[in-house]
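Across the two complexes that follow, chain A remains constant while its partner is chain B and subsequently chain C.
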Partner chain A sequence: MADWVQSRTGVIGLINKFLQEPVPARGRWFYVFGSSTLTAFAVQVATGIAMLFFYRPTVGEAYSSVLYIMNDVPLGWLIRSLHYWSATAMVLLLLLHLSRVFFSAAYKYPREAIWILGVLLFFTTSLQFATGNFLPFHEFGYWTGVVGTYMFKYVPFVGDGLYAVATGGDYVGQATLARFFLVHVLVLPGLIALLIAAHLFLVVKHGILGWWVNYRAFRQGPPPPGTENERFEHGSADEDVPFWPRQAIRDATASFLLLVSLFGLAILFRAPVFNEADPASLDFIPRAQWYFMPYQRFLDFMPGFYLTAAATWVFVILLFIGMLSLPFLDKDVERNPFRRPAMTVLGLTLIAMFLMLLVIEVMQDPAIYDIIPPGTGLTETP
Partner chain B sequence: MVEDLPRFWEDQALLRKLLIAESWEVHILFATFLLGAATIAPTMELLGMIFKQPYYERFARGMALINVVIYSVGAVFAIAAVLITLGFFPKFFTILFLQFFWFLIGEEITFFGQLYIVLIYYFSWDRLSGRAKPIHVLLGFTWLLMGLLQMSQIIAFMGFALTPLPEVPFFNPGFIPQLTHRVPGNLSWAGFAIAAFAAVQYGRYAGRRDLQQAAFWDWVGSMGVIFGALFMIFMPISGYSWVIGTKGTSTSAFYNMMVGDLAWVFQLLVFFMGLAFVTSGYYMWNRLRRAGKDARWLKRFTLAMVFFWLLGSIPYYIGPSANDRWVEWTIPIGAMRPWKYISLLGLFSFALAAVVAYLHEARDGLNWGGAGTACQRALLTTGFLAISMMYLMGMTREVARLPGQIYGQMDNDSRVIPTGLFPEEDVHRPKLGPFRGP
Partner chain C sequence: VDNAQAERQPSSRRISRREVLTAALGGATGLLVGIPLIGALIAPLLRPTVERVLVEAGRVDDLPPLEPRAFRVPLPVGGPDDPPVDRQVFAVRGVDGNLVVLLNECTHLGCRVEWLPARRLYYCPCHRGYFNVMGYDVNGPPPRPMYRLVHQVQNGVLFVSNEREPDGGV
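Right, the complex of A and B next:
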């Protein structure tokens, strides 16, 4: 049977080759974030498909179909709660994976393309996270959708056109829900799957850089100018071991623990349902999902149209360009984070800033932003 | 004579306020510095463990020693401040004490914990070395944890006077923003203070031609300014959240600070902060230049900071008082929106860029001991500016709630405003625990 499959498809040979891929002998658990992210994505796909059997993407039925999934479908609550928690886990693991790659300078030669694909995955996953929240059409999802689509209006010159494309008209309604549904269940998952495949292909091609502790040469510092050190330049570890069995078991253990945690969270804390969206209501104060809260807080700082527009888009575009161009700006061969103080401090500062804004946003009552100060120098835009 | 005393103090309102302000401000200077040192010492020790460089170890040990030596001075000012405030404003302080009684007990426990741990930390330095070093580093971070717990309880206590909410006395709207403001604040102030002290020490040893010592203090000055400038970037961001929190619950205090009689203090604060960023940039640029490193980017970043500092320093009202708008003397470019926002965004971005560029160029070390007098003057200036900013910020925070001792709950003559938070009968017969109203 195996021979037949191998002769017809070559899959077994490929799997064997993959299992024998060399990985750094040390660092071990630092490499499991990538595979765990993949596991979270698999849970997303599986539970998402299961929900598609019952979910109805219409303004009139979306909310009631979510209620039906939660209350009447056998284990529907578990499926939806798993979908909810795996989305959070995927974003969290992606951030951890990204941080590991950043601090160990794994984006440097010859792995620039792996990093670029990772950055694209980061942004597409963020979009996936944002669009999914809108689909239940509860008040939380609806109002974040209203705020999110309105951000397109801040784009100079073409803002209104982009808003119309995003909402499918002049307001957030049925056309918007249909578009978000299409993007969330078809466009973005397909794109993410393609990016993951390309990302994995390149990881296999270039090997895992891992964590800097694997590299005696890195710990001793870069080679003197004029001398060549191929292992250093290519980021090859001091000692390699095959992926199977040790690293494979570690990855499997991490994924198993993730699944156990997801089930635990889904059982203990079910995915929230909220009230049905009421476009006429002004009582609900929209807040972003936790992942976007620091960004929301940053935007809350900005007054007036132009500054908000700049903060909304210039910040995101700069972040995107900065992340994409990182391997081309930081071309130094050094990979030890302690001997790259500039990048290490920059990374830690951005993480600290993210956490600070997140804590403030989570802990501060959103109602306090509703008070509009009367006409003073504080409020007027000259 | 004795019976005349209360009368004397009643007549000396300004003197009373000055005494209270000075005792609290000096205490805060010490306390904040000590907490900054509690963060820097174990971090430096950890880095010393990794890098195996004696400078880090010496720096960490010095910070621990400073804590042991001056801890009691900070505490003495705290006791003096409490006694003076209690003596002059007994009703106000009693109510606050009763409201936060159990939290203050917790504060005292963490205070003692901090004291004991810092003593063990310092005096076990040689014993817990070698393989036991990680335990010592852990001890250092436990000391920091105790300090942060103590600080958070004091923040809740003082924050309540400005933004009191009966439902959440501890987590009042000023609590989280002030906590996130004070943690980087500890590090920034400690960094600038250490840098200024290092400048003095450098001058001493360089004058005596003791190059080894001069090299060490030059390195300490550089580390200090990195800490100072880097963590100052966080402060206006969390500070803004605190201001917004104040706007929501204590609206007139917010207007006092931002557009009222205290607006000039905030304006001065922005001026000093911008200047501190510029001076730090100037130091880093000059230090790289003297080490023969590529300082072109530092020069550009510093010049950009000068531009944004000047932009942020332009006042909006130039009348005799911000509240006296009888003459509409305004400069549009000095308005908060959008100009001061742009100025602050520019300052943060270029300050971060300057620190990153400096760290990049200095990654293999500089010619330690080769800093010129211009660098040392810059370090002394940043130290002075940091003290000035802390004074101004403390003053703004405490004066903003006037006329009232607890915003909206107690007026300036310690008369309880009948809102239900502090029932009058409870004030006369105070009891422990949060007042829940009638």
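Right, the complex of A and C next:
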């Protein structure tokens, strides 16, 4: 039976090759962030499909169908709360995985393509985080959709056209919900799955690059010119162990703990439902999702405060180009974080900035920003 | 030099007619697949503009100058079949007595604004933009005044349309 499957598909040999994949012998718990991100994505897909049985993407029914999932569908509250918490877990684990790869300089030759696919996964996942919030059509998600699409208007020359394509009309409404729904449940998940497959294929091809102490060749510096040193060239660790069973059980442990945490969070803190979106109501003060708060606060601190909406694009594009070109700008073979202080300090600075800006934005005192309690202004005349 | 060797050296080889034809057919097939997709994506740009509708808002005959009055009106936003969206509008009479209808939409990033009677300003809580009573941007990031909507007054009752005045009315 196994012979037949192997002869007709070759899949058993492929699995064996994957299980025997050499993994650096040290630093192994640092390698679980990637597989945990994948597990979080699997939870997203499973709970997302489960919600699609009940969710209705129309402005009239979206919110009530979400209430139906939360209140009436058996375990519906658990499904949606798991989706909510594993979305947060996925972006956090992705950031941890990104940090690990950055500090161990794993993006360098010959792994540039793995890094590029990872950067694309970072941006597509961020877009998933943004578009998913809009689908329940609650007041919080509605206003993030309004602000997110309005940013397109600031793109030079084609801004109004992009805004019409993003919203499907003159303002956020039914056409916008249809477009966000399509992107969130079909286009981006498909794209992310393809990117993950290519990312993993190249990880198997090139192997994981581990902690710098595993690399005696690197620690001793580049070989004299003209001498061949394949281990150095390919960044192979001094000591490898097969993926199965030692690393496999670490990945499995991390994923299991992640699932236990997600269930715990989902049971203790259910995904919020807010009130139904009402564009004409003043009862809700629009605010950004936590993931985008640091960036919003960063733009607020920029000197060109009045140009912030236009500047939004500049910094996103700079971040994208900067991340894509990182392995081509930083081609030095050094992998020791202490011997590449510029990159290490850059990484630590970015992490510190993200955390500080997030804390500032979350902790801000509404009074100093002149946020007037809702309802003190002018309400409609009956 | 046999044929197999020539195949391995593409730089020294001339591009054959068959290769050009295959590439052209492949490209054309890709384009044909893309047409419906791109067409749906940019449909909002190709569609004729939504017809102007007038929606009853409420009485404005007793409105004193420079005092905004808020109304909730369902305005069409997308295609002809899409349900209208409730928007808030402010009716304000200028010192000259002319009525303007301001769309409650901060021109920075589209949030709703709130009228602060004590300060006599519209305030946007998203990024702290301010507009004066006639909708002109006075502080913060908004790049332009609030949009003005085409409207009619019949027997003291205001009817608001979904159409913006040319260049937003200012």
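Note that in this section the second predicted complex is superposed on the first by the 341 of 382 C-alpha atoms of A that agree within 3 Å, B and C clash if a C-alpha of one lies under 4 Å from a C-alpha of the other, contacts with A are read in each partner's own complex, and residues count from 1 in each chain.
Keep in mind that, in the parts below, contacts are C-beta pairs under 8 Å (C-beta built on N, C-alpha and C of every residue); 3 or more make two chains touch, one makes a residue touch a chain.
Just so you know, these numbers come straight off a predicted model, no measurement behind them.
**Q** Please work out whether A:A280 is in contact with chain B alone, chain C alone, both, or neither, and reply first, second, both or neither.
**A** A:A280: touches chain C, not chain B.
**Q** With both complexes overlaid on chain A, does A:L346 touch chain B (first), chain C (second), both or neither?
**A** So A:L346 only meets chain B here.
**Q** Would you sort A:M363 into first (chain B), second (chain C), both or neither based on which partner it touches?
**A** First partner only, chain B.
**Q** For A:W143 in the superposed arrangement: first (chain B), second (chain C), both or neither?
**A** Only chain C; A:W143 stays clear of chain B.
**Q** State whether A:F338 touches chain B only (first), chain C only (second), both chains, or neither.
**A** The answer is first: A:F338 touches chain B but not chain C.
**Q** Scan A:F53 for contacts with chain B and chain C and give back first, second, both or neither.
**A** In the superposition, A:F53 contacts neither chain B nor chain C.
**Q** In the superposed arrangement, which partner chain does A:A175 touch: chain B (first), chain C (second), both, or neither?
**A** After superposing on A, A:A175 lies in contact with chain C but is clear of chain B.
**Q** Per the contact definition in the header, classify A:F328: touching chain B only (first), chain C only (second), both, or neither.
**A** So A:F328 meets neither chain B nor chain C here.
**Q** Starting from the residues of chain A touching chain B, keep only those that also touch chain C in the other complex, and list them.
**A** On chain A, the residues that contact chain B in one structure and chain C in the other are 300, 306, 369, 371, 376-381.
**Q** Note which residues of chain C are touching chain A in the complex, please.
**A** Residues in contact with chain A: 41-45, 50, 58-59, 68-72, 75, 77-79, 82-88, 90, 104-105, 108-112, 114-117, 123, 125-128, 140-141, 143, 162.
**Q** Would you tell me which residues of chain A are touching chain C in their complex?
**A** 59-60, 143, 146-147, 149-151, 161, 164-165, 167-176, 278-282, 285-287, 300, 305-306, 308-309, 369-372, 374, 376-381
**Q** Which residues of chain B touch chain A once you look at their complex with the stated criterion?
**A** 47, 50-51, 171, 173, 175-177, 180, 230, 233-234, 237-238, 240-241, 244-245, 247-249, 251, 254-255, 258-259, 316-317, 330, 332-339, 341-342, 352, 355-357, 359-360, 362-363
**Q** In their shared complex, at which residues does chain A touch chain B?
**A** 297, 300-304, 306-307, 338-343, 345-346, 349, 352-353, 356-357, 359-360, 363-365, 367-369, 371, 373, 376-382
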